[in-house]
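Each of the two complexes below includes chain A, the first together with chain B, the second together with chain C.
Right after this comes the complex of A and B.
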């Protein structure tokens, strides 16, 4: 059986992770290049977002597993990270569900998802100077 | 028993496990701190999709890309530093952590260059936005842009400070092959800063 901590006469030679770190680093550089290159081809709509976030999740998993040693260390650290990710999913998922299922009239009137006629009126008034943009205060006069 | 073991711990290994768990709990709170901003980004991106795409396309993507490569590389040098520490070569660890700090400084310098560019073009948060995008979408994009990248930059600064303290202690021989938990925990923090940037990069620059 393995020696108990403290009574091992000869400490086990430390296992080097240099090869693994190098491989992960190269993979991260390549994936960064890939996501950058793909973004230049402007994949439209949801697919583009899904590809970019998918590559980010792969990169993040590599960092967490190998640079942050979750691969070698089962136990409480993994549990803490996974439970924080559950709350990440709840926070982002439920917030987006709320906003995406509201009545269009309950949204900011100049939003893309607001009723088209209302939105156009507001943008036209703003362009004509009859309305100051909603997020901005009137310019201070010097 | 090693002199670094506090009196209420049975062994160095048990103490190290407790320290790791404490660090991971802290990192979980950091993840949720940034998640709140990502959720806000998600909401306004949903509401102002066109304005957000336009504002995002106006950013210098290559700067974000180069900064990603720099942070990923600094994470690699921190990991190599920990590897040197596990073999007791703590002077080498100090050097590698120093290199990581330098890479962090280059990251911040590029970020400052980018901020300067935004300031010059009126791309400021909230009501100070005077850029070309009509409606409140452009102002909201730059509010979230500065909140997310600014909070991240503060974390880079804190990470550089932590790495510097650990590097000096490494150089002075405070750690050895048996006890080097602070190198590991400082590394965990730095990797988290890298991890968050890995998600900031596509959200802000690419989509």
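Right after this comes the complex of A and C.
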């Protein structure tokens, strides 16, 4: 059975792009070096992560485009790469949304010191006779 | 293609995939035929289902009394972990896509095989290898983490969590390869005349499932690997004591595992779209709406994972966003339910066994879905989280719906798989036992959860005993129902009447070939001029009118 109505009747391109592979390989090595350099240069906080992720995405894209031949394929195949990036962005984006909004809403800025401050206030009120001992709170754990 | 062959005498195809090219064990184990690989997947997943079912029964026996009944707390932890791991990774995820998908998808496309037959066989052996590794872990102590492997406990427990993680990791590769095969096959191997708008709805849903398998499963692999690394080397990835973030694990885990719910439910919907047309003898109502809603569920399913983290320390802002996004899934599911019910309207309905399972499916999907919408509301979820309400919810929506669809598929395509018919009378008895058993098992659990009984405890206050006994009694009915089905299907395998090529009078493309199909699926390259769900030009004879006689 050979007759088909499928969409992928495009012949595979010949694998004779030695120069191209070499250039991509060198680019990947340079980008790996850049990531290593970045880890040594102490770029502050989120910027360092963002740059490292950007480099990783460029490297992955180079591999998919040239080593996996997406560069020579028609549009729909490249759409697969694009949609994969969308889902990676989704995973990282909604997770970061959690991390970046977690502290201000879930824990107030003085959360670490609040129990101790409250304990002191209660002790002071007890000493002044304004509060009875059974209401005393346990000591805050460090 | 010929119309309904109801009047033709049923014929058992002499040359078929069961005896061609050979019948020996070696010819099966080295086969590249998608039908045989599909059947092997079906047998393997059914064995896993039986194993998971035994674990479920042990859980229900233990919960008959408030205190220890037949096991201690640690054994109970291990048993419910094994129940979850086996049922999810070894049965529900692969059963319909890898079993029925493999058997049917190429035939429905008019193709001779999948695009990569060797990869297909590799997929089966990866499944077996993953199952064997997990089984090794189970025999050597098992894990006590629950199937979700939540950190930091899973990275510190002394039970055999690593081999079970590794098993799930390897099974994930099987899932990816199957999904890849189906996508490429659908794009490249459609027979002349099968355009995208003439694809069977089964194929649309399996295609959407494959997209999820490819996009989400690697994240599970990555996550399980990170847990194994942290467990083995003590790196601080998820363990807060070492500077990690346990909520990060839950984000990664559920990014796969929530869409995995749709890996289970989309194939179930795939089956039902075929069954509802065949047994109401009606064209599907709103073909494009049903087809595109599969893609909609697959897409929106990726935006909802955070609803598993409402009480886990996730920010309230993120929880609110995920709560709203979760409800979008309900829209696409409702489209399907509306269209199936509209298909039934003024149809020539036949209450055969697969149709009974369709009714059960509709009930479980709707009931489970509505409780899901309630659980997506953060303020309600805080009350129900980690109670039996959640257990009952996901058993209704995920397990109930999937099992209904699996059984409907098994009965609907049994004549195509084996060339023989099962006993319709026993079929109805089995369906009634299973549907009622399932309801009686899990309905009490909704009430238990609402009263505050937490999940994953082997002891409970005495006031919960009556509902727990009711649930265990339901599980017994369920077990009897499955035993009945197993017995009459095994009998039918050898002694069932010959089915003929199309005993249901279905318009699906797969019924155009003989039963069981030949090695090449069709004797000549088929050319389909009509759609796969077009019944408007047929007489209103009840499905089964062409049922056969003994060979």
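Quick note on the criterion: the second predicted complex is superposed on the first by the 81 of 142 C-alpha atoms of A that agree within 3 Å, B and C clash if a C-alpha of one lies under 4 Å from a C-alpha of the other, contacts with A are read in each partner's own complex, and residues count from 1 in each chain.
Definition applied: a contact is a pair of C-beta atoms (placed from the backbone, for glycine too) under 8 Å apart; a residue touches a chain by one contact, two chains touch by 3 or more.
All figures in this text were calculated on a predicted structure; none of them were measured in a lab.
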| item | value |
| --- | --- |
| Partner chain in contact with A:19 - chain B first, chain C second, else both or neither | neither |
| Partner chain in contact with A:91 - chain B first, chain C second, else both or neither | both |
| Touched partner set for A:56, first chain B, second chain C, both or neither | first |
| Residue contacts on chain A - larger count, chain B or chain C | B |
| Which superposed partner A:39 touches (first chain B, second chain C, both, neither) | first |
| First, second, both or neither for A:68, with chain B first and chain C second | first |
| Partner chain in contact with A:101 - chain B first, chain C second, else both or neither | second |
| Chain A residues contacted in one complex by chain B, in the other by chain C | 5-6, 83-84, 87, 91, 95, 99 |
| Footprint of chain B on chain A - complex, ascending | 5-6, 11, 14, 16-18, 21-22, 24-25, 28-29, 32, 35-36, 39-40, 48-49, 52-53, 55-56, 59-60, 63-64, 66-69, 73, 75-77, 80-81, 83-85, 87-88, 91-92, 95-96, 99-100, 107-108, 110-113, 122-123, 126-127, 133-137 |
| Sites on chain B touched by chain A in the complex | 1, 11-13, 17, 20-21, 24-25, 27-28, 31-32, 35-36, 38-39, 42-43, 46-51, 61, 65, 68-69, 72-73, 75-76, 78-80, 83, 86-87, 126-129, 134-137, 139-140, 177-178, 184, 187-188, 191-192, 194-195, 198-199, 201-203, 205-207 |
| Chain A residues within the chain C interface of the complex | 1-8, 83-84, 87, 90-91, 94-95, 97-99, 101-102, 105-106 |
| Interface residues, chain C side, partner chain A - complex | 111-112, 184, 187-195, 215, 219, 245, 247-248, 251-252, 255, 302-303, 305-306, 309, 313-318, 321-322, 520, 522, 525 |
